[in-house]
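Below are two complexes that have subunit A in common, paired first with subunit B and then with subunit C.
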Partner chain A sequence: MRTSSTRRDCLLALIVFALIAVLPMLWPSRGMSDFVIRLAAFGIFATSLNMLVGYAGLESFGHGLFFGLGAYSFALAMQRLGTSIPAALVLTLLLSVVVAGIVGAICVRLKEIYFAFLTLAFQMLLHSLIIAWTPLTGGDQGLTGGVPRPPFLGIRLDQPYHLYLFSAGLLVLCLLGMRHIVQSPFGYTLRLIRDNPARATSLGINVWAMRLAAFVIAGAFGSIGGVVMSLFVSGAFPDFAYWTISGEAIFMIMLGGTTLFLGPVAGAVMLLVLNDVVTKLTEHYGLVLGLIILLFALGLRKGLADYLAELWRARSAQRLAMPLPAAAPFAAPSNKLSGE
Partner chain B sequence: MLLIENLSKSFGGVVAISDLNLNFTPGSLTAVIGPNGAGKTTFFNLIMGSLLPDKGRILLGGENIAGLSTPEIVRRGIARAFQIASIFPSLTVREALLAAVNAQRRQHAKLLARFPLAASRDRAEEIIEMVGLAMKADMVSRSLSHGDQKLLDIALALVLEPRVLLLDEPTAGMGPEERWLMIDTVHRLWERQKMTLVFIEHDMDIVFKIAQSIAVLSYGRVLAEGTPAAIRQHPAVIEAYLGSEYAAGRA
Partner chain C sequence: MDLPALANCVTSLSCIVTQSTSGLIIGMLLFLVAAGVSLIFGVLKVINFAHGSFYMLGAYLVLTVYGVSDSFLLAVIAAALGVAVFGLLFERLIISRVYGSQVLMQLLVCYGVILILDDLVKIIWGPEFKSLGMPPAFQKPPYLVGGGVVPVYYLFLIVLTLLIALALGLAITRTRLGKIVRAVAINPGMVSALGINTGYVYAGVFMLGGLLAGLAGALAAPVRSIVSGMGLSVVVESFIVTVIGGMGSVAGALVGSLLIGLVRSFGTIGFPLFTEGLMFLLMAVVLVLKPSGLFGREG
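And now, the complex of A and B:
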């Protein structure tokens, strides 16, 4: 079913893509186009994590599994199998779906902290595999030798502008796809489960199956982030599967916010800018970044996009001289089934 | 409609439900009463599949549903509302009910459509109207009053078009006035939906006012069951639970 909101999203996506496409003509800068490609990789990746964290209430610490898997499987398919880029992309998606299906089937049954740490364990398993399987992956040196970029459909990814457009196109398409999913009936079922899994169960919803589906979808999208990264660096490195990648995505979500769909993208912009600026100014990158994140966590207690959205909502509520319902500090009701 | 046979459940060494037998006839309105710890909520949890019985059968229209999962039991026509209103705090009343309608129609996993489905709208509005939340349909559930949260909980159960509806203390934590409003609503819904309704209640005024039949639980057993008049005169019930206050004479 196509509704006006779907059409509005598509239109917005088209406008943004057109703006990104003409940007290099107005501002021809290598730094800018590199930034957009990295933003595409991390914007897709962080948003896919937020499908789990923000919409399904699944706090994964191991989402980097799919970033690493995406980068390595795409780069290997291109290097070893000599396939076309679309075929390697499809292969990567299939592999991510299978891996997410297996990992998810084991993990989504578990409660919060156990889920978080088991996903992290699976990610570190992939990282260890990459380090250990040197003949295939190049071990801790990474997968070097370049990713071949044969032209397809008139797209030549060996040309910087084509790669730039391709990455931006993937970003816009993936965001559009994920937006559609979180606004679908399935997306609202995830919200039910996030808010109150026990109640969702007593509505007849198979919570495990829905969580697994969300995990697989988020894993598949997350791997596309890895694909973009692998195209950008023309290779793949063990860092792509290290736990810090998951940490960065979590930082992006924290900086941007979990409630607004584009919050994680805003967070990705902020973290990448911070990264670029702070590393230029000081060696103590981690310290400065940590302080900034602490400021967000303790000061705003939410992501910037969420904070601004609430501020805006409060303003318009004030104009209408109405109390702000969302700000009422009611405790969430207990989720547990009360037993006597 | 709902027949309970030899139902038993213990937690470790503690017997919560012991050899329970009860029959809820179609369209009946039954109150389950009993002192705290009598096993009333455990009884509901067993019917809904939230807990697995140690032994016994739960027959819904002749089919044994003991051992099935909660979603399977829900699909066979039993729904419940909770003692502590169990709602979806960050969704609005309307969103929650629209999503619940999707679940009832097995359309909750649709990926390609956009929420809300046009076909779900009428049903959601009907339920909102039925429980009297029309004025608050766009409020975020967590900002509803306690009583309205309980109504929303019941509304979520009604969406499932249950043959049997279990209400765990629908008036818990409410003031006297709110209480009677709630009971009026519950009674109206029961008459309108022609369903089998079972409710746990501590307020004996309410119980004797609306229940057609009463089951008294004590230490996981049925102490007595029957019409309100019979229960009121039942010596064991008076001694164990009611006290002389509700004994015959005060009608």
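And now, the complex of A and C:
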């Protein structure tokens, strides 16, 4: 069963990647390819947050820590160390694993609200470090001067189409990796811990260690989102580590819903489109976005995809519960059977 | 890190006095905000992430009323009452609808409100930094204590806030209303079974929180620059204070705020890059040693 579903996921990923790869030939537009790159960054980031929120039940409000960390450490590794892109990627992953290990070790044993705010506090700590450490990070001006993009393995990220493909490839690979993790026994252990930590403990599961592992994995994936962003803007800015990044990611997973694996990606699409439309129409972006958030959060109170799924389930349950109409008596069951 | 500078400071009386006073007023202003956050958290189990926006509103309201009436006292009262009413509306219309939801949903709602308020403030008052200037009543030569400078306004602020802290602590521990609030914090179902409308208590706690945060913003206006988004660091610090002091405890909020204030003012000398880090470090130490906070009850 598992191998077949894994094979199905891989196949699906390949098809999606192929479709994305040919898209620019059918629809050559700078706006479209920029959108896909941004979607890659936020799709990876939001899905990694949903690993925590939706699967492990860890409601982090400071996941932007890893977005900022990923962007800055990748950009700095490229600028200061002059490494190759894969090496910088590995360095970034290592750094975010270490940071996530330390932050997670302190945070994951805390209760909900404490956990949410403590993660936020750590994110704000990174933000203030970035602002203060001007010689290294460029302070509030951001890390400018461009991120060098030396070619590797025949991939030349200084060319728009290569960058586009590379980002889409990272998106697909990361989604596949995360999908594999949440469908693994480890992923089911996380769901058990989310639903009933006491039961998990009584079964001999080390809840703290499992939560920490989830936090570290999500942090590492989240930092890849930051890497894509820093490649896209060719730099890194303090906003990447600001709390609004976490807020936006939360809105994305709330928009898309936490129960479906691809929900956060759908949410990322919706929020990015919304972003583009609103910023084109008005300069009061915060006002409009805030109103939409309120309408949405106070009206639906759950993810759009979750809401639709529930609606669907309720309707089919209603249909099942309905008494059989008089016009379809038991008299002619053979017709029905043969009809199917 | 600049440890020699810190060592120089703690060996000179004038530096100690100057830094302590500035630390105390940071702490006092923070206390007014944190007390509300802590009370709301203690009673409703909800973190009001938009509390920093209450503080910001207080500062802007005082700016406008002072500009119109030219009376600082009137402006402060108007700002505090205005934000209290806003707190009431916020509780009734918005946050009461997500009681019992996921924490992230509550935070998301607050995020929406913060975005709206930050933008509204920019539309109404403009995006640039504003400052109120010292009201004439406080434009007097500062006191000199051991060579250190203590402005009159700072002294006023410290005394006023201490009085408020005292009144708040007495109100919660000694009065009937305070008893009801504490009872709701522990067992709202039982309180409501005894015939007390807990909805009023929730609304009242938010109003009180708004009043204090508005007051903090108003009192901060002469000594801080006023800008859209000024509330965020305050609300994050308030949460640190709540963790350090223990939720729902007025004494804890006061001690936590003063600790943070002093860490900030001395930290800027010794660790200019890492002042915020020191606060988080302090919080982490408290969480490890005493998870319920310095003044919190166990469990």
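Everything below uses one rule, namely that the second predicted complex is superposed on the first by the 308 of 340 C-alpha atoms of A that agree within 3 Å, B and C clash if a C-alpha of one lies under 4 Å from a C-alpha of the other, contacts with A are read in each partner's own complex, and residues count from 1 in each chain.
Methods note: contacts are C-beta pairs under 8 Å (C-beta built on N, C-alpha and C of every residue); 3 or more make two chains touch, one makes a residue touch a chain.
Remember, predicted model here, so these are calculated numbers, not experimental data.
Trainee: Answer with first, second, both or neither: which of subunit B and subunit C does A:F251 touch in the superposed model?
Mentor: second
Trainee: First (subunit B), second (subunit C), both or neither: which does A:A297 touch?
Mentor: In the superposed model, A:A297 contacts subunit C only, not subunit B.
Trainee: First (subunit B), second (subunit C), both or neither: which does A:H284 touch?
Mentor: It touches subunit C, and subunit B stays clear.
Trainee: Counting only touches as set out at the top, which of subunit B and subunit C does A:Q318 meet: first, second, both, neither?
Mentor: Once the two structures are laid over each other on A, A:Q318 reaches no partner at all.
Trainee: Touching A:L120, do we find subunit B (first), subunit C (second), both, or neither?
Mentor: Only subunit C; A:L120 stays clear of subunit B.
Trainee: Can A:S128 be said to touch subunit B (first), subunit C (second), both, or neither?
Mentor: It touches subunit C, and subunit B stays clear.
Trainee: So, A:T6: does it touch subunit B (first), subunit C (second), both, or neither?
Mentor: The first partner, subunit B, only.
Trainee: Go through the superposed model and pick first if A:Q141 touches only subunit B, second if only subunit C, both, or neither.
Mentor: After superposition on chain A, A:Q141 lies in contact with neither partner.
Trainee: So, does A:L192 touch the first partner subunit B, the second partner subunit C, both, or neither?
Mentor: A:L192: touches subunit B, not subunit C.
Trainee: Show me the subunit A residues, by the header's touch rule, that subunit B contacts in one structure and subunit C contacts in the other.
Mentor: Common to the two interfaces on subunit A: nothing.
Trainee: What part of subunit A is in contact with subunit C in the complex they form?
Mentor: Going by the criterion above, the answer is residues 53, 59, 61, 106, 110, 112-114, 116-118, 120-122, 124-125, 128-129, 132-133, 243, 247, 250-251, 254, 284-287, 289-294, 297-298, 301.
Trainee: Touching residues of subunit C toward subunit A in the complex: what are they?
Mentor: Against subunit A, the touching part of subunit C is residues 41, 45, 47, 94, 97-98, 101-105, 107-109, 111-120, 123, 232-233, 236, 239-240, 243, 272-274, 276-277, 280, 283-284, 287-288, 291.
Trainee: Flag every residue of subunit B that touches subunit A in the complex, lowest number first.
Mentor: For this pair, the touching residues of subunit B are 16, 36-42, 45, 48, 50-51, 70-71, 74-75, 79-80, 82-91, 95-96, 98-100, 102-104, 107-118, 139-140, 142-143, 149, 156-157, 159-160, 168.
Trainee: Under the stated contact criterion, what part of subunit A meets subunit B in this complex?
Mentor: Those residues of subunit A that touch subunit B are 1-3, 5-6, 180-181, 183-189, 191-192, 194-196, 198-206, 209-210, 213, 325-326, 328, 330, 332-335, 337-340.
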